[in-house]
Each structure stands twice: as C-alpha cells, then as structure tokens.
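Quick heads-up: structures coming right below.
Next come two complexes, and both contain subunit A; in the first it sits with subunit B, in the second with subunit C.
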Partner chain A sequence: MRVTQGTFSFLPDFTDQQIHEQVQYCIDNGWAVSIEYTDDPHPRNTYWEMWGHPMFDNPDAAAVVYELNECRKVYGSYYIRIIAFDSSPGWESIRLSFIVNRPSEEPGFKLSRTEVKGRNIQYSITPYSSDKPQGSRYK
Partner chain B sequence: MPDGNKKLDAKARYSAGVLEYKKMGYWEPDYLPKDTDVIALFRITPQDGVDPIEAAAAVAGESSTATWTVVWTDRLTACEKYRAKAYRVDPTPNNPNEYFAYIAYELDLFEPGSIANLTASIIGNVFGFKPLKALRLEDMRLPVAYVKTFQGPATGIVVERERLNCYGRPLLGATVKPKLGLSGRNYGRVVYEALKGGLDFTKDDENINSQPFMHWRDRFLYCMEAVNRASAATGEVKGTYLNVTAGTMEEMYKRAEFAKELGSVIIMIDLVIGYTAIQSMAKWARDNDMILHLHRAGHGTYTRQKTHGVSFRVIAKWMRLAGVDHIHAGTVVGKLEGDPATTKGYYDICREEQNSVSLETGVFFDQDWASLNKVMPVASGGIHAGQMHQLIHYLGEDVVLQFGGGTIGHPQGIAAGATANRVALEAMVYARNAGRDYLAEGPTILAEAAKTCTPLREALDIWKDVTFDYASTDAPDFVPTTSVS
Partner chain C sequence: MENEGQEKESEIVTEVNLKEDFQASGVADILAELDNSLIGLTPVKTRIKETASLLLVDKAREKLGLVNESPTLHMSFSGNPGTGKTTVALKMANLLFRLGYVRKGHLVTVTRDDLVGQYIGHTAPKTKEVLKKAMGGVLFIDEAYYLYRPENERDYGQEAIEILLQVMENNRDDLVVILAGYKDKMDKFFESNPGFRSRIAHHIDFPDYSNNELLQIAEVMVASMNYQFNEESKKAMAEYIKIRKKQPHFANARSIRNAIDRARLRQANRVFNNSEGPIGASFLSQIEDIDIRQSRVFSGGIDK
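Presenting the complex of A and B:
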C-alpha cells in the first residue's frame, strides 16, 4: 500500500526540483519550512521527529533541499515530510505538509476490531511495522 | 429635509392616535450609528404610493419597539434608546421601485448569544407588514460586543485541519447516492469505496435521518466500519458526516452521543432544525471534540429571490455566530444557484478575520469577527474533476469540494471516481504552487495528470461537456453596474 497522508501523495513522487518549487512557494508566502521524519506512520501520530527547527528567516529553498538530503542520509528508509508553518494571526498552524521520502516497502496497517456491547465495534489501527522496535521497522 | 419628515415635540408625539412612523422617531437621517449598534440593511419595495422613507421608518419601528398606534407607556422607558433608527434610504441602482434602507439597533435590544432572539426582531413580524410589497434582509453589521457573546464554530478551519492532518489543499467529499433507499449495508459500501479511493469525507444527505429502509443506528455502524477500513487502507484520517437531524433535541443528542462512541470525527445537522437547535448542537460539538457540518436545507425558500426574504450572506453570518464548522455556500460552476461575485461574498464571510465593504460581492459592511473561528464552506452540487481549476480559482483552498455524482457515477466505480478527483486536485494545487497560470492552463494540467491516472482520464472524457450556465437570480446591485453574471 501507499500511505497517502500529505498534500501530494496521489501524485508520482517528487524530484528534488519539484520539492524545491513547492518549498520556495512556502518561503515566498512567509512560512517557515521544517523537515520531520518517522518510522510510525499511524494516521494520528502527530509528532514526527524534527530534523532541526523550522527554518525561520531562510529565503532559499535550496537550503531546505540540502537539509532534506542530509536527513535522507541518516533516515533514508523512513517517512520524511516537509511542513510549512504560518505564524499569521488567525492561522498560526501548518499550511502545507507533504511526504518527500518513504520506505521502499510499505506494509500498511492492521485494523483490529473489538466487539463490545450489542453490535458496537471498537476499532484500532496499527502499522504492521510497529511490532518491531523504533529504529528497526523499515529497511 | 421636507417638513413632513421632521420630528415632533413630546406633546404632539405622544397624543393618542395614529402617527406616521417617520414622525415617531424611527427616521433619523442625522443619526451616526454607534460602534455597538447592530445595523441591518433591508431592500424594501413599498406598496404603490407609500413614501420610501416612511416605509423604512416602518420597518425600523416594526422590527423594534413600535406598534400601529401611539402608546403612552413609551414614556415610562428610555424609548428613544430602544427605537431602531432608519438613517439612510438609497434607491437601488437597478430597480426604481426598490430601496436600500439602513437601520441601526441599540445593542440592548438583543439577548446575548441568541440567534433566536436576534432574528425574532430583525425578521419577525416586519416581514408580513402590509405597506410593503416585499422586504429582504440584505446584510447585517454585528458589533464586536455582540459577536463576543457567541461561541462561534465548534472547531474552526485551522483545528479541523489539524485533527484531520490535512493541509494545503481543499478537502474532498461526496454525498452518498442514491440519497434515499439504500440499506445500511449497501450505504456503507459507497462510503468505504469513496474514502479508500481518496476522499477525506463522505456525507449523508439532508433527508437521510432514520427511515424504514435504513434506521440510523444501522447507518452509523456500517459507516464507521467503512471509515475505519478506509483509514487503515490509506493511513489517513477519514470521516463521514453522520446526520443526527431528528424530531427532537433529545433524539439528536442521543444520535450524536452514539456517533461519538463509535469514534466519528464529524456529525451533521440540517438548517431546518432551527437556530436554537443549531446553537445547542454547536455547544455539544465543542464539548465533545466533534466537527459540526451544516447542510443548508430549506434556505432556498427565502434566500433565492432578490426582492423578498433573507440573503444567504446573512444566514452565513448567523451560522458563524451559531457555531457550525461547515456550511454549504455554493459552487459557482455547479448545478445550484450561485453568481460568482455573490458566492465570493459568502465565502469571505465564512473565512475572513475581518470583512471589508465590498459592494461588488454584496458585502455592505465592515465586519470584525473578533477571533471567532472560521467556517469551512462546502461546495456541492453538479461539480466534477474537469472543473478543478475553476473550483480552486473561485473557491480557494479552505473549502470542502463535494463530488457526489462526480465520484459515484464514474464508469470504473466509486473508488476510481474518488481517485480521479484526488489526483485532479493535487495536480492543480501543485501547478498553482509551482507558479503556473492554472486557470488558463487548467485543461492542460488535468490532461498531463491523466497520463499517469486512467481514472482521471475517464472522468475527463465522460463529463467534459457538463456545465450549468444559467442566469443568476441573485446577483448584487451596486454602482458602477458592470455585469457580474
């Protein structure tokens, strides 16, 4: 399967040039761009690890692409995403978030059902890879 | 000012009998509205021979303190304060028999935090008043002091996006079709396929409640099976608007509680449940971390005709106060009424921190929303993937695009229809961000994306000629009178 979180997961994976274009769009809007990585793609895993702080005051997308490739050297088998933060009043949150690196194999998620009273079912979703400890989940 | 419009001294004013409204103090051309006044703009069509200023004063009177004759008990109150004041009457630019009347209302006329109370005055008895042929509430300015007495949207656009982990693009939805008749099991199939294929949301239709062919608990159970399956299949947060509309508040709360128990992120109500019920459900939604979707069922009965009723821009303002998170606000290009400029006005009311006067989009007042959350507009009705560039151009990024037929009617099936819409959307946002003139190049951008997405190719082929190009019945009147439809 393919984890389709993020703004562009239904498009073919981006080249670095395409990533550069999207990052420059964010920077030109005044947003701070950040790189985050994880080996736990659960849909509600909010806090991926930060590859440094959001790059405030950085005018050039090339610096982000450089950092992304540094991150890939260490976490090339992880999910890596680019996130743009907008500090404007009334927003103060993320404006764009897209996956720029993913494991070569994505085993997907297990859906567990617990039958509770009546016909109710309680669902829980677990990445198949999370059976392994953090750091050894993807090759 | 002609003598006939002058105010009277106290003795003449309060002698028993009948007086013209404009002489009773409801017409004050020199009045400067206070920052704390509620201001209403009405389009009035007086009966033949009725002076427009008297008609405006009558509207002010009948929507505030007046009755048809002089009453001495006025003098026991600070009656001048409580009288609404018509202070400006302009002929409309395009219709010689219609006038724009501006009326200011003292804040103390209204109960804090109650749309029911506000509307009982502003659109109460006055709409049946005989000296008027027709009356339409065009717009309102709600003072910050009053705005702050309302909860506002339970969740708001920003937190909704945070909860869904979805940023940078419009959300995608679809209404399950056929809207009536599916069993719970079959209904959930549509939900599963659509969400798995790439939509963020599916939706109950306004009249899906609890009928013989599908009772509400069955629908909720099958839909949540579908939502969770789709979430596991994609790694995304998914939702389906479970419509909790019912005959009583008790029943609505019961259904909403069950939706919460099952883990739904969103519930839905219809506008026809009424303002107080909407406010109650908004409060419930805030207390229970639930996104609240509002379907505007019924609004067309009073919003569509230009001379009589209430403009939808006013309904949008009331609903932002009342506290819904989603509201259907038009598509511009789809099958339902929606002049582009007027629709932009509605969207601005839902989404901006502050609205500025913009006569070309029908916004007559500056409006400060005082940090009330923003409402996510929903575009639904006769839209398809081939219009993606126009939809993003007209409606922007913070909107739910709902392709019902445009998903479920896809020749390769529901999931393929959903994928077509998602790919079209992402391709268009990508092109926009990359600096392309996506409106002009839209068809090219879609054709390029379709090269690697067969479902999109098929969607573009099958719906390429579908447009709904009819004259609008509700375009704004303003000067200069350029054509906007």
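Presenting the complex of A and C:
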C-alpha cells in the first residue's frame, strides 16, 4: 500500500528535477527547507528524524537535492520527506511537506477492531512493518 | 511539465543568431562594464571575453543539438594582492549568471578558516555547509594555497580539499569554484595537488599595475568617493605611487585605496582646523597636495 501524506500526495513520485523546482519555490518564498526520514509510516508519527539542520541560508535548491542524495545513500530504504518552514507568522509553521523517497515495498497497515463497552467498536491501525524493531523494517 | 518538454523537442532549431543571443543575454553590458570599471588588466579581460564567447557558442551549439559536455568552468586567479581578483570574481559570477551557467549568480567568498575545522570530524560538515551555500553561484576561495599544509601531516586541510574536489567534479552544474592566491604559492599548491590542476580549466594571471594605471585607479576611487584632485595633488599622488611601489608590502590598488583613505583623514583635519565661516562643497571635496605629501612615505617611512 502506497503511503501518501502532505502536499502533492495525489501525484506520482517526483523526479529530482521536479523536487529541485518545488524546493526552489520554497526557498524563493523565504522558507527554511529541511530533510527528515523515518521507518515508521504510521500516520500519527508526526516527528520524523532530522537529516542535518534546516537549511536557512542556501539560496539554491541544489544544496537540498545534494543533501537528499546524501540521505538516500544512508537511508535509501526509508521514508524521506522534505518540509518547508515559514517563520513569518511568528510561530514556525510547516508550509509544505512532501515525500521524496519511500521503501521499495510497503506492506501497508493492519486494521484491528476492538469491541468495547456498549458494543461500540474502537478501530486502530498498525503498520505491518512496525512488527520488526526500528532499523530493520525495510530493506 | 511533460507537455512543455515535448513542445521543445518538436520545435526544430536549424540556425542561431549569435549576435541576437549576445544582446539578449546581457553579457555585452557586463563586458562593457568590465572594460570601463577596471583599469589595465588587459590579459584578464581578454581571457574573460574568450571565455564568454566560448560559453555563448556552446549554448548555441546546444540549441542546434550538437551535443557537448557541459564545460568545466572552475577557475584559478593568480596574482599579487590588490590586483582585482575579488572584483573580477564578482563580475565573473554575474557574467556566468547572465550566460545561464549558474542559476543564482551569487558569490560566496571564503578562506581556509571557513572550510577547515579545528578537530577531527569538524572539517567535512563545515566544508559541505559552505559548498551548499555556494550552490547555484560561485565559490571564491581566497588564498587557496593555505588549504594545503605539507609541513603538518595531520592537517585537516587535505580533507577539505578532497570534499572540494569531489563536489567540483560531481556537482559541476551546480557551482563554479574560483581559487585565488599569489602566483608562486598557487603554483606550489597545484604541484602538490595535481587533481586540482586538472579540474580547473581556466588559469588566469593578474599582472601588477603600472604606475600610470595606479594613478588612474586613484582618480577613479577619489571620484567615486565624491572627492577631487587638482593638478598638484595629482602630481603628489604620482610621486607617492612611485615611492610606495618600491617599499615592502605594496598591495597595488589596495595600497592606493588606503593612501586615499589616509589623505581624506588629513584633509578632514585640515578643513576642520582652517575653516572659519561657511564653506562650500568644492572646498569639502578638494584633496590638496599637502594632504598627500604629509604621508610618511615621503619622509622614508612606510604606510602600511
């Protein structure tokens, strides 16, 4: 199951050239772009690991694509996303976030139903991949 | 995106107009500006013009589908201090931007301190940070030979050099590296780092300025600060240049700028002490020969 989230989630995966152009748009708007990765695809997993610092002072998107490729060398089988922070409202807010790298195989999620008081049903989802310990989920 | 690409492909270009391209790119303005704003430096200007035409022709060839590798644009500027290396580098960044070889055209100026760390593991992130900042523009490494210190085999400069070489090769489209430094030291640097020499296509020598050129530079500087020379002060300046040039630590145009700054200081002092009643703009902007002749250089001392 293909995990989607963030901006452009309905589009096919971007090429590096397309990533470059999107990132350039963010930079030209004065947003700080950073790269994050994770191997836990749960939708409520909001805080991913940071790859380096947010890039505040790079005028060109090539720097981000360069770092992305560095990150792919190490975490090529993880989810990697690019996020753009906008500091202008006074609170650091994410303006844009999109997935730029994903595992070759995404096993999807397990839906479990629990019957609780009054025959109500509680639903929860668990990624099949998170059965394995962190770091050995995707190859 | 995809549609656009297809359109471009279907549009068959059979001829290009170099003159039109030249006009459209705005390169002419920069070259003219180079000619007007920089005094002397004829060999440098010639090389830059040659490079500009090569790049323009390359772009035209690309349009016609004559495939050629993107050219190596890394450069090395060698010359004595104050011969205009940084100024030309700044113009170069602008030129490459107009020609479409760098995307942003900004210049990042660094020295050894900005690239080399103080302890193990510190250098690589530092160098990469600088390289990332320079992407889309030009990275200018002043006094590049300091990167390599053969006398200390545990020096981290080597690490910075390796990363630099790697990025210069792999990210050729993303940034242009310009190394600068004194001629003899740069030659030694390239001898001990053959990888660097072969990755740099353009080696440009900056000659020293002649006395006459230095005087012209002085006049341009004075004019740009809204001051003026008269006949006597011009003569004094010419004499100053003659004497100063023979003294140690002469840094061409930079020494001239310093001399002018000091002359302004003396002028301000003179104006302040002598002024009684209202004075006009011409009096405030006139540099007299006495302002220059008070310099230590004339009494055998050294202006730093």
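Just so it is clear, the second predicted complex is superposed on the first by the 137 of 139 C-alpha atoms of A that agree within 3 Å, B and C clash if a C-alpha of one lies under 4 Å from a C-alpha of the other, contacts with A are read in each partner's own complex, and residues count from 1 in each chain.
The rule we apply is simple: contacts are C-beta pairs under 8 Å (C-beta built on N, C-alpha and C of every residue); 3 or more make two chains touch, one makes a residue touch a chain.
What you see is a predicted model, and the numbers here were worked out from it, not measured in a lab.
Asks: After lining both complexes up on subunit A, report clash or fit for subunit B versus subunit C.
Replies: fit
Asks: Between subunit B (first) and subunit C (second), which does A:T46 come into contact with in this model arrangement: first, second, both, or neither?
Replies: The answer is first: A:T46 touches subunit B but not subunit C.
Asks: On the chain A superposition, what angle, as a multiple of 10 degrees, is formed at subunit A by the C-alpha centres of subunit B and subunit C?
Replies: Spelled out: centre of subunit A as vertex, angle of 100 degrees.
Asks: Considering only touches as defined above, state whether A:Y25 meets subunit B (first), subunit C (second), both or neither.
Replies: first
Asks: Return first, second, both or neither, reflecting whether A:M55 touches subunit B, subunit C, both chains, or no partner chain.
Replies: After superposing on A, A:M55 lies in contact with subunit C but is clear of subunit B.
Asks: Determine, for the superposed model, which of the two partners subunit B and subunit C contacts more residues of subunit A.
Replies: Looking at subunit B versus subunit C, the one contacting more residues of subunit A is B.
Asks: Could you state the shortest Cα distance, in Å, between subunit B and subunit C after the structures are superposed?
Replies: Between subunit B and subunit C, the minimum C-alpha distance equals 7 Å.
Asks: So which positions on subunit A get touched by both subunit B and subunit C?
Replies: Comparing the two interfaces on subunit A, one with subunit B and one with subunit C, the shared residues are 18.
Asks: Help me check something: in the complex, which residues belonging to subunit B touch subunit A?
Replies: 158, 161-162, 165, 167-169, 198, 221, 224-225, 228-229, 231-237, 261-263, 353, 371, 374, 419, 422-423, 426-427, 429-430, 433-435, 449, 452
Asks: Provide the residue numbers of subunit C that touch subunit A in the complex, in ascending order.
Replies: Residues 1, 103-104, 106, 131-133, 135-137, 171, 174-175.
Asks: Subunit C touches which residues of subunit A in the complex?
Replies: 18, 55, 57-63, 66-67
Asks: Tell me, which parts of subunit A touch subunit B in their complex?
Replies: Those residues of subunit A that touch subunit B are 1, 3-5, 7-12, 18, 21-22, 25, 41-44, 46, 84, 89-98, 108-111, 119-123, 125, 127.
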